[in-house]
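These are the structures, in structure tokens.
Shared between the two complexes below is chain A, which has chain B as its partner in the first and chain C in the second.
Then we have the complex of A and B:
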């Protein structure tokens, strides 16, 4: 099996522009049945058939887990990315038949928490849309701090304020509003769990401050899907399948393997779940590790690579695939 | 045509028996003439008609009697059913799963009607017809996990997933092979498996945990485990060891066929959708030696497996005391001829 999840045949039921960068897509099942129930923080992997090229990108489910007639995802357009978000924005119209994965949750709420403190940056707001809906349905205690560049780019800020009032605090970069993080983290009741989703810099900042202020690691949760970055093309030998493949500039190593008919397992395609971890047999060159799965030691040792997000520069690379 | 439920007991006079059809569908756990631990996990998909895998949640002729036995155990010891406060949502997940699966597999016995949050559950074998609000615990006579597991065969452990580990945070455990929910509640995967010999050294639990934490919704998995029990007693708990432990000393060449039971657990693993937990049903099947050896292949194979079992495993499974008597008895049914591969009878 090439993936840990079952596939769902869906049809795009609506496409809604949210602001100048973000568009929301709604999916329903083609057979008219209900979609699987999910938990707040779950994502689906969306298959994009773009000519002879298939992209598989993960997006957080942002609708209410209480309503499974349809799923919704929000996609931020990335003009310098590898083209997945541009495909979604330009090619995907209502009525298009697509395939998505079953939901997978790698950013689950800790239901023991007495309070859920959520920190979102930019498009990192999407998993919190579902989590807040889930918690609100059972009277859960949460507080959301949301930073965005400008008010007009504050995706769903208005919806969240309307739904949850003062439980949502907004911070606008252009007005130089900043989260007073140390004060926030120092004034939480015992039993609070912290969740952060946003750009890498924000996640690192929050995790570092939380650690410095004595938050136990098991109370700090973060979601960071590194989208695969484009880079210089390179060649790889797959020793087990006896193939040599070329990884294009806009392609990930995992995608190049799949295009050659080699199917490593995967769940997140973003360097966090660990499924596609691959052993390096030999190499002559330099790894560009972009994952959050392998340890720094692993990165230095050069014995393993996460082909979903990491790349290679150099003369030769032989992998155990 | 529905199942004919047997009137039988798992204690005192021990009237439990398998019908001939149920002997043939018994989940014999050995596919070769030897046994050693392996990570023998496979996808939990529907199997052949007439097998215990015909439905993903199996209901059989022992259903009503097993539910009566569970009620007796709980009346004596309510701590066999526990759910830590954060596990209520997972309890609703489990209620949905078991109602859906039982109604799907056995429509003549179970019916689930859903109208939004308003659900009606009809369980004809147990004479239950309840209407309740899904998600509202006050509309059920018990918490959601206890309510549905008083109506479902097998033990159920609900595992919370966090910090890269699984935590035994809820369960209904009354048909267990000598382990205690009350002791294990709140433990993580490595803690509750600590007593198992050999498997840690083989790295089996590390690999198994990696597999289990990656179980995905809609893709349950399963494995078989086994031990032996003297008399058809479902509740072989540490709490009641004084009631069943001494039975091991009662096995004689004359009563092996009736007293010694192979006890097989069909364990399955399911991701729960709302709570993101894992439910681990452990379904216990019992068969006495007289019933088992009606299938000559099973008689020959069981003889070889028990005879050659490593000493540590025999000790862990509690067979030491009566193993020689059992092996001697089985040896008379083993002419040394080869056995066909696979689990099923010839």
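Then we have the complex of A and C:
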């Protein structure tokens, strides 16, 4: 059993289309008990059994942490991804029995903060649904700035505006509305913490500006699950288990190891938590690193790989697994 | 130079200019020299957005050298207690982008950090540099009284009079090292008092 991946047997209690791209799924425990407590920003890994193929994708819990009768996730349909979101949208119906991991939080609130400034882009809104509910329950001081493409794709924008009024500010790309980021960051009271979740470009932009404007790194929190990208198939030798495996075009290296009966630890499956970090024994070729965990130096040195999101192109690769 | 003996014992670095919109320096006595040394590495115009609160101490040195840095504000309180209301006011009105630099004695660094922590700044977000005396601010764990400028080991609690072992165990919340009775079993046993924190 992998670290932190104790499983929960659940049943899909509801499936709610939210807009043309996003559908929400509700889970309850099959035994009728309460689900484990979680905090805003936590995610679960959902096991998707699709014929002979099993995908494991992380999704942020978006319900209120004050209510553990059920968990809710929102899944944005990605028509060109590896098929996890399409499976959720097409195959998952109320009553389906599924398996999910215990919640893990890699994007938690720092409750020492005097104020929480949240920046969301697109489907990156989901962890903030839980965090705002958590803070509102204890009278916490927060402000949410949410950028979406159009009003109809502003998932939960209406809910958030209704719940929190002026504490939520919306920006619509199609109306040319843009966050005045420098002004926003420069006008926050001392003791504010910053949270950003959205596309990689947005996260990098916000982190760069915050650093330049004097926000200490301890006050800047971000979450970006890099979904594993498809790529050319490759072969890998696992030295410890004495196996040679083939990584398919639509498969991640981690998934290929698991399919071969090797069980590396994991938590996020998105290149951020560091659990599945694997040492490279030898290689002849080039790495395609997609994680946010290893340092640039590690990436250059080619001594480690994050098998959940990163790939390899070349003649041979031997890993310490 | 402070040595990491146990995990709570603070260690200090060397001041270095941080990115930011405003810079607040709090220093006492020889802490001024840390600011002056750092100024050599600072980009031009750095002190245009800086306030220096400097407690000169009895010798009153280094004031002219700090003036020469031409900070936006230079304030010279006679003691930390007299600086406190101004410091609290500054932090209450400040915005993110204010960076904090603490230099001088451990007592000064610790007490200024305590106020900044209350304002919501993480201790790892502050620049610190120890200069000058090693004298400690000590809390008696028995009567909870604070004794300032402890230089001996053991030391007398200025409140309850117990003879205390001055530990490396430090509280950021109290800005004080912990003093524990050194002869609780037999009060007639009095170990020699040595100058340990000159």
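Things worth noting here:
Here is the rule we use: the second predicted complex is superposed on the first by the 320 of 321 C-alpha atoms of A that agree within 3 Å, B and C clash if a C-alpha of one lies under 4 Å from a C-alpha of the other, contacts with A are read in each partner's own complex, and residues count from 1 in each chain.
The rule is short, and it goes like this: a contact is a pair of C-beta atoms (placed from the backbone, for glycine too) under 8 Å apart; a residue touches a chain by one contact, two chains touch by 3 or more.
These numbers come from a predicted model, not from an experiment.
Of the two partner chains placed by the overlay, only chain B lies in contact with A:38; chain C stays clear of it.
When the two structures are aligned on the shared chain, A:241 is found in touch with neither chain B nor chain C. Residue contacts after overlaying the shared chain place A:112 against chain B and chain C alike. In the superposition on chain A, contact of A:102 is made with chain B only, not with chain C.
Contact with chain C, but none with chain B, is seen for A:214 once the two complexes are overlaid on the shared chain.
Contacts of A:6 after superposition: chain B is touched, whereas chain C is not reached.
Of the residues of chain A, those at positions 112, 218 touch chain B in one of the two structures and chain C in the other. Listing the residues of chain C that touch chain A in their complex gives 18-22, 91, 94-99, 119-122, 124-125. Taken together, the chain A residues at the contact with chain C in this complex read 112-114, 185-192, 211-216, 218-219. The part of chain B that touches chain A in the complex is made up of residues 84-87, 89, 135, 160-163, 214, 216-219, 273-276. Across the interface of their complex, chain B is touched by residues 4-6, 36-39, 41-42, 65, 102-105, 108-112, 134, 138, 218, 267, 273, 275 of chain A.
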